[in-house]
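Below: one structure, written as structure tokens.
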């Protein structure tokens, strides 16, 4: 096995302006926020971003005006309302959107994971989602029944960024037995070309291999793994810490205006050299301890 | 939730001659042998049987001349050689076969689980598997790239029989964290129309719902659940008991001839009224204890 | 006669729409009134149905299949979802998607920014899709609900801005342009079944598939309803009153299902 | 020069075919000689490669991704598979199938009842498919290996009944009728790469894609090989000898990898 443990800097160096990027997580669970802040600091632009239910990670990139196009099922701030910067970017024409419903996005990821150019669904008849996107959604006839089906193009991105619970230095990432799973991190990992994973904690390989069925991302699929505690902050990593309501509220409030969003980025992204300093900035160990949801396990 | 706990007799009553039947398990892991012995005793015939890597369950049905057609990836006895009765049935023309490679069978199950008539693959170009089966494997053009792909028809069966580890009376079936998973029981369950599950043990629902991610077959998909300890015997149920080498060897040896196979059925299937008596017949608690592989968990 | 809130009226009304063994999709909603409509009322309704006439009714919520509705979380932060006990929690959302496409769901509870005469709905964009006045959240599985669920039920407060002649963008295809148009487009049975609002209940006429006033909530007038809509629904000759919750239903909601007023708060 | 068995020769030879970071598929074989060819020799070869020049090489075995090859089970009953430690054990075999179709595998080890001049193989039926003389096991993922794996390697004992002019049934399409026919049929790069037998090693000629003698094992003659085959392979002007294992390789195999002669038994 190959040692793939590295730093955010090295892991993300290949992600350059113009890249396409799949972002893991769903709603306020495990968006790869630390990695995204690093990308913003490094100045990448013109990204094609794909997501499942995107929140903070997508909106931060939008705040930095780094997104040229987005494709996915949702961008919002869950119980914090609409995604302020993403919304502004779409409304002022800086971000092009391509909407996909859930079965459509699932089909896209599965197609990529299976090395296929498309997979069929029959969800989007009559929906404007299909009408506005003939490039990626097309009708065709079932080779057996002749009925009309819809072909959905595979979701191919240059890079995939996922934030996970725990992994070993070989890139094997495991989830806890009890967890929230309303997301597509595993299908995204299976679909990835170049997969970069951040995890809350690096654990010994010996621990991983005792329960191999908990490995949801095999190291074999991974290009680089980085230990980034609180890597999803200000969102949550289920089973470890909850979303940071104070920080989330501050972000949403300031993002009502372009200037406010810029002041947020200046303070919490550009104003801190790295993730460790970021964590100090948002309150350090004392503040983070209040988010802890571990049950002594 | 609905109480779905019942007896083999009641659960299997709807399975009549001429039915189509998906059988769970793979190689020597969890073939639903107790359920199959019950079906043989009840005299069903002319079954269309589908399997992943089928062993004892398929061959027992073949010994009873209950299979009209089989579809799947493999029938054999794993390290006990070819499947003697199935082989004889195919060679003498009583069993029609439709071979599918693994990606093809996976596509068939996923199509059924997604309510689709087919899913595409590109495995079987040039293979005689496709040549001999234009009814279920057809070439077509990708709606995006124009390249040729192969459409594989969904695997629809009237019934699906799966043997699982533990479940509650509502039909929620759970697996242990460490287990063997070289099989398709979950995709088969997802693809099923009428799903009948036997489990080693009925456990309280309260236990199930503490670790919902271990539920691989939700009760919502299940029509009936039956407690059948050693329900895979003489094959294994991984984490609980190993295959019974003595019984396996005896079965294979006797099955070299039609008469031998009939004597086996007479002794271990028709000659015992139910599964409890069967377990006594194969040696009872003392013999079964020698197969135990539990690690004090 | 006991007095009751509109939320209680709706919850009790909806519970009577749930049949035994129904699998019901409930979304994960946001805050305030949106939470009450998307999560609170639906959970209360299904629980009431479970306790009264539909013990086999189940909910798919987030990615939890059959979460234990006898113990509703007190707050809905991420951790509450993680710890909520349930019968099953599939490895990824693909399982739920397959269950939708396979038509395993009987009922879904939906809300939208816009809903039109033929039950088409929009949660994607207000104005022009490519240069929208308001960019909304996208689509989630709302297209799936209208495509595959047997009886989707919309829960929305009646409002001229939401009930529009024609949605700006069809996120989920309802009955399209009415009549046979849904089937013509390739969609199966289904589409919006009921629209339950704070003032009245609507269904869709069998022939034209246009939205039709089905009942008025106690104390609400026909004109009050019409003045809150951007189009005129089909109005039957006699308009019944929405059946009020009985004392037993109200007691169960107040004492057992939602004693802390989390579900039916606002 | 140390003496060595044919199994050791093959294991060492194969280990040199494994490159760093190769993902190798090993089947779950049966008993006796079939086990040695399908499981024993491949596991020994990959382990030897890991220890010498390819630390990043990995095995997919059964449904275990990267099982710990430093601790080979002593027996191969079901429980040994269950307990074997590994980096990952995906929830179902569909993951492995996707990895195959996505072309994540570099090497596979395969055996067959019949293999022909162009590397087509048969594990389905001897004789007529619909009324076979011998019904075999079916297909498993053997078609996938030839369709998608970069360098499939066949391990078979040389025998006239197995090495036939034309297989009775093409389970896995190799180079079909040779030349460009594989590509014409819609298949990508790949197909059988090497055939390693107890007497010699074969590859496939670049132009005709016909099986070609690549090397003779020490002490084996060309005629011995030809008389064990049902067709004549391409014979180059000079035939090298299969490189023998060196002392260090032999010591590693005997002392560390397979001290109890489980893998290379028969």
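First chain written, first letter: the chains are A, B, C and D, and each begins at residue 1.
Simple rule for what comes next: a contact is a pair of C-beta atoms (placed from the backbone, for glycine too) under 8 Å apart; a residue touches a chain by one contact, two chains touch by 3 or more.
Here's who's who by UniProt: A, B = CoA transferase subunit A.
This structure is a prediction, so every number in the text was calculated from the model and none was measured.
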{"item": "Contact-richer chain pair [A-D vs B-D]", "value": "B-D"}
{"item": "CA centroid of chain A (CoA transferase subunit A) to CA centroid of chain D, Å", "value": "40"}
{"item": "Inter-centroid spacing, chain D versus chain C (mean Cα positions, whole Å)", "value": "58"}
{"item": "Chain centre separation in whole Å, for chain C relative to chain A (CoA transferase subunit A) (CA means)", "value": "29"}
{"item": "Touching two or more other chains - residue numbers and ranges from chain B (CoA transferase subunit A)", "value": "103, 110, 114-116, 121-122, 139, 147, 178-179, 181, 210, 212-213"}
{"item": "Chain C residues counted as touching two or more neighbouring chains", "value": "89-91, 97, 101, 148"}
{"item": "Chain pairs that touch, as defined at the top of this document", "value": "A-B, A-C, A-D, B-C, B-D"}
{"item": "Chain D residues touching chain B (CoA transferase subunit A) - in the complex, by the definition given at the top", "value": "28-31, 35, 62-63, 76-79, 81-83, 89-94, 96-97, 100-101, 124-125, 129-144, 147-148, 169-173, 176, 181-182, 185-187"}
{"item": "Chain A (CoA transferase subunit A)-facing residues of chain D, complex", "value": "21, 23, 55-56, 58, 64-66, 68, 85-91, 95, 97-99, 101-104, 148"}
{"item": "Residues on chain B (CoA transferase subunit A) engaged by chain C in the complex (per definition of touch)", "value": "1-2, 110, 113-116, 170, 172, 190, 205, 208-210, 212-213, 215, 218-221"}
{"item": "Chain D-facing residues of chain B (CoA transferase subunit A), complex", "value": "26-29, 52-53, 72-76, 78-83, 86-87, 90-91, 93, 96-97, 99-104, 106, 110, 121-129, 131-132, 139, 147-148, 178-187, 216, 235-236, 238-239, 242-243, 245, 293"}
{"item": "For the chain A (CoA transferase subunit A) and chain B (CoA transferase subunit A) complex, residues of the former touching the latter", "value": "103, 114-122, 138-140, 142-145, 147, 149, 151, 153, 177-179, 181, 210-214"}
